[in-house]
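In what comes next, chain A is part of two complexes: it sits with chain B in the first one and with chain C in the second one.
And then the complex of A and B:
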């Protein structure tokens, strides 16, 4: 899956969680720039990604994410 | 994991437009309760569950009537991160007849909330409070080898008791306790069970005491330990999710945990199902009684399949012993369907176990309505166990309040699916329950019902059927011969031909042959019909229908109309101007006595009780709209008149 496809998929998943059909993430997006992307929704987001792609994150990976680009790196590495 | 409770495999997949359907709920003032329950009765992801929860909240905020759902206000006292788990609760509760309203408290405020008379849970006028704690909160997450384990156990119970007493005293609210799953790590290994201070031994001891406490304080008990055990504790406990997010157990198990809680709330509100309706052929025995006969069906010890069906019957009987009413609904001739109940030595189920016995050729929905009416219970008290996916879909579409578990192909798993779905959840049990099923059996009376089409056309169209016609050929030969020799019920003349004779017809230019296959959106039903026509001895422009047979699986799907249309158009191509059909009664084919009459033939000979003959002039035949796509293999026109 290409980075653009992944970005679209992640936007869709987070959009559903945040109830925002028009949510468009960029690689540079950080959680504090998106309304309602709080710690609870962050957990929802990560768990939803795990189940969507059938992957599991490791403890260090979860703690080291700064922006959406890094999340894409991580998912791509596991696919 | 083909059969794991975490997948909720007894629920059908949600419709493709699930999210769109959630979004319109509550937007106008209609009553949405029934729609909510039927939407909730699917295998939902966390996001779908969350979307459902928002739809329910929308209805509630505008004060809409949510019946037939019953309201329930549940408080949650949780020792770990519960927010994400709560996404699943409203849908799971609605699935079991409950409109859930949640009162949540901040993470790990269990004791503070319970002991403070002015806290949210103690002032919210709740119907119950779930005390969602685990072994960690009770300080049981490491072994007690240096201090006395009894002290650790009694300290844990005192802590829990303080919470229960606080909620009961200040909030005057019933409590739902839960047992503690045992973490998978062992300290000594198998020896853990024999050392009182290991986590395993202490959790065991505490669970025993929690069950006692539930009895003593009149609390409900959610057996989370039993759920974790069947899921597997290696999967249940996810250390990454615990250390990173403080999720109390793996997010993969949230759907089934919520469903188990939903069942309990439903049972508290009297919504547990009361009656199990059984299909017969390939559901409680292997094979088709009308075709295979009493000697031919598979039931009983000695074969894996026979034992698998026996386990379904045993489960049904166990349910009956605890008060669940049993009924039968089957597409069959009544006397034939009752045969095994009366005369098969290996059957566990007998006629006197069945409160209502509906064996006929009317659609399942009408039969289920008759069963509910006869027993004077709601349709929402019924569970239908049926191996046929098309029947299941028809009942779900026509009567969404009836619970219909999905079943896999392998009958060994039927009992598992029926019981894993938790339809008959109980929060109490008494000796009266045991007698209840008995009292419903009024000499297995058959309720009379009117045949009624329930949007039958829509239903048939929704099956997306494709019917395929071709002349006899080598590929189909074996199955054609098998159908000719095994089909007893839907068989107009019961003429048997050997495989060699069938092969002969493939090349006999004077014979018209048809093999019929049917597919629908649930799969390929394979070859389901055979027709053989021969030119009339005195009138070469007439066809005698020598053989017309069909598999009973496809009754009520307009397949016979499609077959006639095919015979008529192929006949017309060959300058045939009339068809002559015959009905030769046998011990088993009473169901097709009116076959030709129903297809518009005119009777030209015979009494109603003996052989009858029928005629259709092709000039008077008009093609009907059929609810299926027709694929016809070109049939050579070599045959002469």
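And then the complex of A and C:
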């Protein structure tokens, strides 16, 4: 899956979690720039990504991401 | 920075939290922007008590603030991950909680100190405390005998003890260490009336005939394997017409949370199933969301239920 396809899929997943159909992420997007993307919703987001792609995040990885681009790097590494 | 106006003690505490943990500012701002003046006033009083207590503990105020960051990042977050993956709390029996959590004294100290700061920083905790101070305690009859089971840092006991119309104030705990910590806190707060602290298990048969007009269970039921049995035991300690005030979190994973309450309605059902008549209830969602969204998304909610012992 390309980075663009992954970015679109992550936007879709987070949009469902935050109930925002218009949510569009970029690789530079940070959690504090998105309303409602707090620590609990971040965990919900990562668990939804796990379920979607059949991967597993380590606990230490939850708080280690600065932006969506780093999340894409991490997901690609696990695919 | 967050403008907390004339709430000096609150401002001091929040500034210290953000000095220790600057990245927490945006969540803290969300937590304070929705609070009414009544809630802010209670948070300010809580902050003053915490600042007083900080002078009597080796960690000091910065240490308490660091424990709060540890609570959020290292204690709650891994449990949240488990909860979101599995839909259940990680542990379900007391012996596991004792082995993993309660027997680890340094961990427990950080955990408890972090929770102390959460009473100010988390808006659902702050709103629950405000409800207790401004709605529940004033509703008690004059000269009420008031008991709190598991009083922790003693902050709720303090707010009961400073009300002259309450007749007697008592705390029970099963842990000598907890009793000692509550005593240290109450001494630091310089309460002018006696507060009885007793090492007692709720389920022990009583050698006395003492019964209470008010019993508080604040963040206790989720730590038990069988909260319904505890509520039934509480009923036996109440006078006819006496009230139980329950504060239990829904969808709130923690390393020693065993019983999952999944909604405010579930909390009310528990109290009702124990034989109480529901007199009042309230619910406050975690920071950054509404009650409606929190209910739909199964996010943390502080559930408050007042039950009357009609028997």
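Methods note: the second predicted complex is superposed on the first by the 79 of 79 C-alpha atoms of A that agree within 3 Å, B and C clash if a C-alpha of one lies under 4 Å from a C-alpha of the other, contacts with A are read in each partner's own complex, and residues count from 1 in each chain.
Keep in mind that, in the parts below, contacts are C-beta pairs under 8 Å (C-beta built on N, C-alpha and C of every residue); 3 or more make two chains touch, one makes a residue touch a chain.
This structure is a prediction, so every number in the text was calculated from the model and none was measured.
Novice: So, A:59: does it touch chain B (first), chain C (second), both, or neither?
Specialist: Both partners.
Novice: By the touch definition at the top of the document, which applies to A:43: first (chain B), second (chain C), both, or neither?
Specialist: both
Novice: Looking at A:16 after the superposition, I want to know if it touches chain B, chain C, both of them or none. Which is it: first, second, both, neither?
Specialist: A:16 sits against chain B, while chain C stays out of touch.
Novice: Taking the two structures together, which residues of chain A meet both chain B and chain C?
Specialist: 17, 19, 40, 43-44, 47, 50, 57, 59, 62-63
Novice: Touching chain B in the complex: which residues of chain A?
Specialist: Touching chain B: residues 13, 16-17, 19, 40, 43-44, 47-48, 50-51, 56-59, 62-63 of chain A.
Novice: Which of the residues in chain C end up touching chain A in this complex?
Specialist: Interface residues on chain C, with respect to chain A: 26-27, 30, 72-73, 77-78, 80-81, 84-85, 286-289, 293, 297, 299-300.
Novice: In their complex, what parts of chain A are in touch with chain C?
Specialist: 17, 19, 32, 36, 38-40, 43-44, 46-47, 50, 57, 59, 62-63
Novice: Please output the residues of chain B touching chain A within their complex, sorted ascending.
Specialist: The contact residues of chain B facing chain A are 19, 45-47, 50-51, 54, 81, 83-84, 87, 240-241, 243-245, 247, 251-252.
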